[in-house]
Amino acid sequence: MHINALDSYRPGRSRVHRLDPRVKLPLTLLFILSVALMPDRSWVAFGLSQGLLLLVTFLSGVGAGLVQRRSAVALPFTLAALTVIFATPGHPLWTLPGGLLTVTDAGLWRFLSIVIRSYLSVQAAVLLAATTPFPDLLWAARALRVPRTLVAVSGFLYRYLFVLADEAQRLLRAREARSAAPGGRGGGSVVWRARVTGAMAGSLFIRSYERSERIYAAMLARGYDGEVRLLKYQPLGEEASLGEG
Amino acid sequence: MLKTEVLPASPQMHIPDGFLSLSVAVVCWIVAIAGIGLALWRSRKVLGERQVPLMGVLAAFIFAAQMLNFTVAGGTSGHFLGGALAAILLGPWAATLTLTTVVAIQALLFQDGGLVVMGANITNMAVIAPLVAYGVYRGVRLLAGERRWGSLVGGFLAAWISVVLASTACAVELGFSGTSPIGIALPAMAGVHALIGIGEGLITLGALALVTAVRPDLVEAEQVKARIGGLRWAWVGLGLALVLTLLSPLASPHPDGLERVAENLGFIEAAQSAPYEVIPDYVFPGISNEALATITAGVAGTLIVFAVAVGIAALYRRRETARP
Amino acid sequence: MMEPCVEVRDVRFTYPDGREALRGINLHLAPGEKVALVGPNGAGKSTLILLLAGLLKGQGSIRIFGEELTEKNVRRLRARLGVVFQDPDDQLFSPTVFDDVAFGPLYAGLPEAEVRERVAWALDQVGLAGFEKRLSHHLSLGEKKRAAIATVLAMQPEVLVLDEPAAGLDPRARRRLIAVLRDLPQAMLLATHDLWLVEELLPRTVLLNGGTVVADGPTAAILTNKRLLETHGL
């Protein structure tokens, strides 16, 4: 089932998997923070950090390929930083035709540093998500004093994400089935297509709202009184499995 | 085209780690936490017991709705952010909480947006977007009175403005961090999102139209509840529209535009001098110091006006509910 | 005669849009008794269940263990009359199975150790021992249905009301579910379309149609009365 594509957790029994999530989450944050503090061109620090990440990847057993693939998500945003190549004063390397923009060496190093820092950070986040089941992450968040309401709402988000993603897929498929043009180049203007998409969103909203009313009824029937109550938690660690879907 | 690899949300607005300076990230966290705190307090009053399951499922809805793409041209597709729709259907505070969890899950599970810079993403997409959208929506409804077009036009404008302003904030954050010169980032971001915002506006409009037709109680109920706040939100909305107009010259990279804006906002500068000291004054290569100072004034002024307006709205509402 | 645990007298309910769902229902349930609630769609089965759960308020009298159901005692009575709704995805709303099954006892104010005990016990009752750490959205439909029952069992109610517990299950899952239900000592009111389920499990049947009770008696008698069944859309 495609549903598992949305689940970042890759079950395992490694030391990384079993590490207390209340330690893993702050550690990851600290790592990203320290990377952010590294000045431009601290190649040694960058290299050591990457080494550390590779070590953790190896220990966790989730596979370097997986980590690299998921980390590529951050790359498109690097375009936003591209302009820094021209804007940083330094030794001019090359002037673009037209004479307006000059690439400087400092600019290049700065751009590279930004990209590297970003890539290091995203790998850390990927490792965290891959080795920690989501309910454990919620628990770690709670330990970091995230308000209960937010934690509870996040729990619902996670629980119903798959249910609603399924419904969204069904709506998309229905639209596909009704679009005459092969190869995805639908007819009608962009405006029309946007409104159809809007109608799909609207119907998904209504279904979600009505579901939330039924859930609320089920909660009331089991004694819900509006207060969010959370038990002292036991981590899922390596025992949570994907199971047969 | 069915998506087998799920890529939630629009790639342009979720800032990854490494792109913001720590000082900017910290400031954004402060704004985010303040926004969340306010939202927790207000949403509890309005929704009461129901808030957790409702917000939770609707957070999942926003997430799923962001999977509903539509082809714009060739290979590109428009994506849906949902800030305005959430605010109109849930009210601004519940929307903030809902969108916060969406941003957090996107960052934690899909690395769409960084962890340390999450404060900025929350500020842009979960605080600025829904609050702005709600204000604009109420403003338009006020102008339209009972007429049907009020809800639809309001929805469209609210969505469009929220997307543009959120992306503007994003550009400002990048600019202050030294990642992207603000003279380029701002027009680029705002320009691109002015286009994307049209898609957002149309989807929001379509969704609102459907919900109004099938379950009008879901839209109206929100209106009735919020009537206690009444005119205040409308004023906030109109005020924001005004501010946006004043700020539009900022989008142009010409120094002229910056000076004009600085003049227009001169009265704000005079009234509130203190906050500028808080903003770090660092040398930004490529743009002169003077211009930076004026941008600082303009942007900080906007945010302050906005914050004050929201604060007044909250105070008024508290006074209203306190009356017997 | 033992005091009925559930007594419904002349209950009427009309929805806000004007639809008259129940037009005077009379029903009683003795402790330990297992009763089927059958009828075509729109007969009012689900509405009656919502009223019993205290989620809707109609006219007439609903007494649970001799107490008239009111806003004041509804929370307390919900611990004694548990409702399992039709869609397990509505009933299993927490990330893990443990969280869901623990919900009821937790909100009943039980101490932590006892909550954990109840969870283990309830899961064992439905044949899902050891499922605590499973993620709800990964369960199969049969497992979800049983987990949903466990969420209610954990509160140790004396009456169980179930809405279509076997809907959508494959034969093997269905058999497992029937085995679970058969072994439960609680009084049971089970709304269903599945007449074979009724035959296998429930000695008494109440036939509902158009918001009124059309027949109420031994299952064998009602199910063999073909004319009766046909007239009422079964």
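Labels A, B and C are assigned to the chains in the order they are written; within every chain, residues are numbered from 1.
Criterion: a residue touches a chain if its C-beta (ideal position, glycine included) is under 8 Å from a C-beta of that chain, and two chains touch if they have at least 3 such contacts.
Computed from a predicted structure; not experimentally measured.
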Task: chain B and chain A - chains in contact with each - done: none
Task: Busiest interface, counted in C-beta pairs - done: A-B
- [ ] Averaging each chain's C-alpha atoms to get its centre, pick out the one most distant from chain A.
- [x] C
Task: Rounded Å distance, chain A centre to chain B centre (Cα mean) - done: 21
Open item on the list: As a quick test, compute the distance in whole Å between the mean CA positions of chain A and chain C.
Closed with: 40
TODO: Give, as an integer number of Å, the spacing between the C-alpha centres of chain C and chain B.
DONE: 46
Task: Residues of chain A touching at least two other chains - done: 134, 155-156, 158-160, 163, 211, 215, 219, 224-225
TODO: Name the residues of chain C that each touch 2 or more other chains.
DONE: 93
Task: Set of chain B residues in contact with two or more other chains - done: 53
Open item on the list: Please output the residues of chain C touching chain A within their complex, sorted ascending.
Closed with: 50, 53-55, 75, 78-79, 82-83, 85, 87, 89-96, 99, 102-104, 106-108, 112, 115, 133-140, 151-152, 155
- [ ] Please name which positions on chain A make contact with chain C in the complex.
- [x] 3, 133-135, 138, 155-156, 158-160, 162-163, 211, 214-215, 217-225, 229, 231-232, 236, 239-245
Open item on the list: Per the contact definition, I'd like the list of chain A residues that touch chain B in the complex.
Closed with: 2, 5-6, 8, 28-29, 32-33, 35-37, 70-71, 73-74, 76-77, 80-81, 83-84, 86-89, 114-122, 125-126, 128-129, 134, 137, 147, 149-150, 152-161, 163-165, 167-169, 171-173, 176, 184-186, 190-191, 193-206, 208-209, 211-212, 215-216, 219, 224-226, 228
Open item on the list: If we count contacts the way the header does, which residues on chain B are in touch with chain A in the complex?
Closed with: 1-7, 11-12, 14-19, 22, 25, 36, 40, 44, 48-61, 63-65, 67-73, 78, 80, 85, 89, 97-98, 100-102, 104-105, 107-112, 114-116, 174, 178-181, 184-185, 198-199, 202-211, 214-215, 218, 285-286
